[in-house]
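What follows is one structure encoded as structure tokens, with my remarks underneath.
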Amino acid sequence: MKKLILTTAALALCTGFAMADTVRMGTEGAYPPYNFINDKGEVDGFERELGDTLCEKAGLTCEWVTNEWDSIIPNLLSGNYDTIIAGMSITDERMETIAFSQNYYPPAASAYVAMKPDADLTGVVAAQVGTIQADYVAKSGATLLEFATLDDTVAAVKNGEADAVFADKDALAPFVTEGGEMGWAGADVPLGGGIGIGMRKSDTELKGKFDAVITEMKADGSLNTMIKKWFGDDAATF
Amino acid sequence: MSCTEIIAEYGLRSLGFGERLLPRSDFTLCHQFTLIGSGLIWNIYFGVLALTFGFFLATGLALAKAADNPLIRKPAEWFIFVFRGSPLFIQFFLAYEALVMLPRAGVNIFGLTVQTSWVTSAWAGALFVLFLNTAAYSAEIFYGALRSVPKGDIEAADAYGLTGWHKFRRVLWPTMLRLAWPAYTNEAIFLFHATTLVFFSGFPAYQQRGDALYYAKFFADKTFNPFIPYPIAAFYFICITLALIGLFGVINRRLNRHLPQAHRPRLRIRPQIIR
Amino acid sequence: MFATCTDPSQLEGLSWLLCYLTSGKHMLFYGSFLVVLALMLITAPVALAFGFGGALAARSHITPLRWLGKGYTAMVRGVPDIVFFLFVPVALDQGLEYIRHLWKCPPTGQPVWANGEFNVCAAAKIPLSTSPQIWHEAYGFALAVVAFSVVFGAFAANVLYGAMNAVPRAQLETAEAYGMTHRQVSRRILIPQMWTYALPGLSNLWMILIKATPLLFLLGVEDIVYWARELGSTKSQIYAYPHPDWRVWYFLGLLCYYLAMTRVSEIVLSRLTAKLSRGQATMAGEAQRKMAGGAGA
């Protein structure tokens, strides 16, 4: 799956020639506020800031790369980049193929968004392909409608193709607060074990470095500050 | 799980029968062959129906393009240009976006409410796009053939006093088909290949019911190994292509049955029209 | 780009649109048109070379080589092109890295493909993970070119094979009568004469190539479809230029772009055809002669 890669004009933090320790950070770039491509065409968002901070503290040179969500794990495994830092929840199923750092974002709620609050959540539910939410919907008995991007799933609800969309609550929040026409439906569902950095199982050294720095940032509270900056004061913190 | 059980559970998965969840942990060769083969049902569905309907529209379009009246000729020319001049991928996307704009509650025509919600699903919407697309490509082939109908044939028809519908049905149309058949065979092959694009742009896979390539990609993404699912899909498509060449060859022989054996044009398959 | 664009939230109407359309991201979008053009212009000659090799192999007197040439064209014809686009870059990339792995890496005793991971040592990576981003992009682009060339090379082989057979036998016999060797006949008569017969098929191929380029994004190149989807998707307040789902407008733009490309190519190719058929023993050449004769009389 290598080179199914969608690299942006992502800037290398330092101009790339540092020897051994260049870590290529893979992200999706379409999941605000976790990660997105800003109007300059660079990767931006909570995970960009966090990733840069982690790399700086761990003394690594990091370079940002974007990749379509549905092939993000295969491309990690074929060595296209070294980490996945893309709002990826830690699940047992993913743990079978890749390793995760400890979580840098507490277990987040997933939620349904629909055009009306009493929408039929066992009807047709849209979800992004390959997410834990899509898994959940497939098992829940509802009819799963899969789309490649989050945007497609929301569009499907707006045009009536699906009764509701099920996704990470923070990622859906802008559509509810800004769109006006859609609202939350049903109760939140806690899924996954928080969000962590995905790595190849063989990269134990890298995992050790990131784990140490995340522990440090959790202890001194700087991680919480960063979460509040991007997700608002109500966000869950450590 | 034995292979027969797997076939029983996943053989018609693409139509929504059998096991609801796709396999999660065991991706045996049998699983891959069964599911990808199951997806092939959709490719055949799209290909056969689009070709059948497209054939008739194409004949009409070819005649319209050959017409003297610009009011008839121009729209046909534009239709053919737009569909032949743009990538199918983008046609799928735009068609999907246009279809979802139809009012959900249905359209009221003369007091009758026409349901519209079904048109955005792949089985209807994508089929419609493929139908228009193949009609445009075939129309261009038929138009070329129509212009190559030998003058002698037309003069002979006139001499027999054939006019209008009879002249078309008895002389023009059979000759046109005969001339167009080799190129039309290619069109059919490439239309089948084009059906693999359906789930790559716009149209969503409803309950993970997809075509052969959808499942091949599913396996490639799950097993991280492209060397098994894609060759399986390729194998199935080679079978389809061979079947098509055989079928169209039979029709070709029938179309040319009046010619002496040595003069019958052999089907030459050339890649003239992919999208 | 413009000084007025520093605070987009204050802008309205046309000036907002102007700033929006000149944002850094849009510049990347416009740049991706060049990427697509570059792909077509590089793929065309490479595919032609593949096709040439395929056609010569298919005409070869050496049986295994002939089978190889015919098998190659038949294979690509039977299989949808996207299957190749999904498969060739991955296979090629892993293959190349595997060869480099055998050459550069110290033996680790571990298999390269294990537990779904593809592990070669750092020295065998192409390009090295320390190399600047631009090399990664260039490499991805090169893989895309090869994938396209494999597919279109097979089609071109088909066209060229037919064209070589279409060159009138009499012309080749005349050359032989002048005492040319087999190779000389090929080089001096067969190949130059073949082009008029190949041109209709090749122009067709060019049109097909234009229409296959939206599939580039499947190969991981940031092409116009990638940017159209990215730019068009809903932008919340977190972005400098928030807007609803505008993808349909971007895709309409792409539609116009492709129609224009097709039209321009049609015009250029028809001129080229007219030029190449001058003085040829074909119907088109005959028609030209008649026209010229009629004008003279």
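All chains are identified by letter, namely A, B and C, in their written order; residue positions are counted from 1 within each chain.
Quick note on the criterion: contacts are C-beta pairs under 8 Å (C-beta built on N, C-alpha and C of every residue); 3 or more make two chains touch, one makes a residue touch a chain.
Quantities reported herein were computed from a predicted structural model and do not represent experimental measurements.
> When the mean CA coordinate of each chain is compared with the mean CA coordinate of the whole protein, which chain is closest?
If one averages C-alpha positions chain by chain, the most central is C.
> With contacts counted as defined, which of the two, A-B or B-C, has more C-beta pairs across the interface?
B-C
> Using mean CA coordinates as chain centres, what's the gap between chain A and chain C in Å?
34
> Could you state the distance in Å from the CA-based centre of chain A to that of chain B?
The answer is 39 Å.
> How big is the gap, in whole Å, between where the Cα atoms of chain B centre and where those of chain C centre?
A distance of 24 Å separates the two centres.
> At least two partner chains per residue is the criterion; list those residues in chain B.
In chain B, 220, 224, 226 touch at least two other chains.
> Pull out every residue in chain A that's touching 2 or more other chains.
1, 77-78, 97, 155
> Show the residues in chain C shared as contacts by 2 or more other chains, in ascending order.
Chain C, residues with two or more chain partners: 90, 116-118, 218.
> Touching residues of chain A toward chain C in the complex: what are they?
Within the complex, chain A contacts chain C at residues 1-10, 12, 15-20, 22, 24, 29-30, 32-33, 36-42, 45, 63, 65, 67-68, 77-79, 82, 97, 149, 151, 154-155, 158, 174-175, 178, 200-202.
> Mind listing the chain A positions that touch chain B in their complex?
The contact residues of chain A facing chain B are 1, 70-71, 73-74, 77-78, 93, 97, 126, 130, 138-139, 143-147, 152, 155-156, 159-161.
> In the complex formed with chain A, which residues of chain C make contact?
Contact set of chain C toward chain A: 8, 23-25, 27-28, 89-90, 93-94, 97, 115-120, 125, 129-133, 136-137, 139-140, 143, 217-222, 226, 229-230, 233-234, 236-242, 245.
> Which residues, counting only chain B, touch chain A once they are in their complex?
Touch residues, chain B against chain A: 20-21, 24, 100-101, 104, 117, 120, 204-208, 220-221, 224, 226.
> Please output the residues of chain B touching chain C within their complex, sorted ascending.
By the definition above, chain B touches chain C via 81-82, 84-90, 93-94, 97-98, 189, 192-194, 196-197, 200, 213, 216-217, 220, 223-227, 230-231, 233-234, 237-238, 241-242, 268-275.
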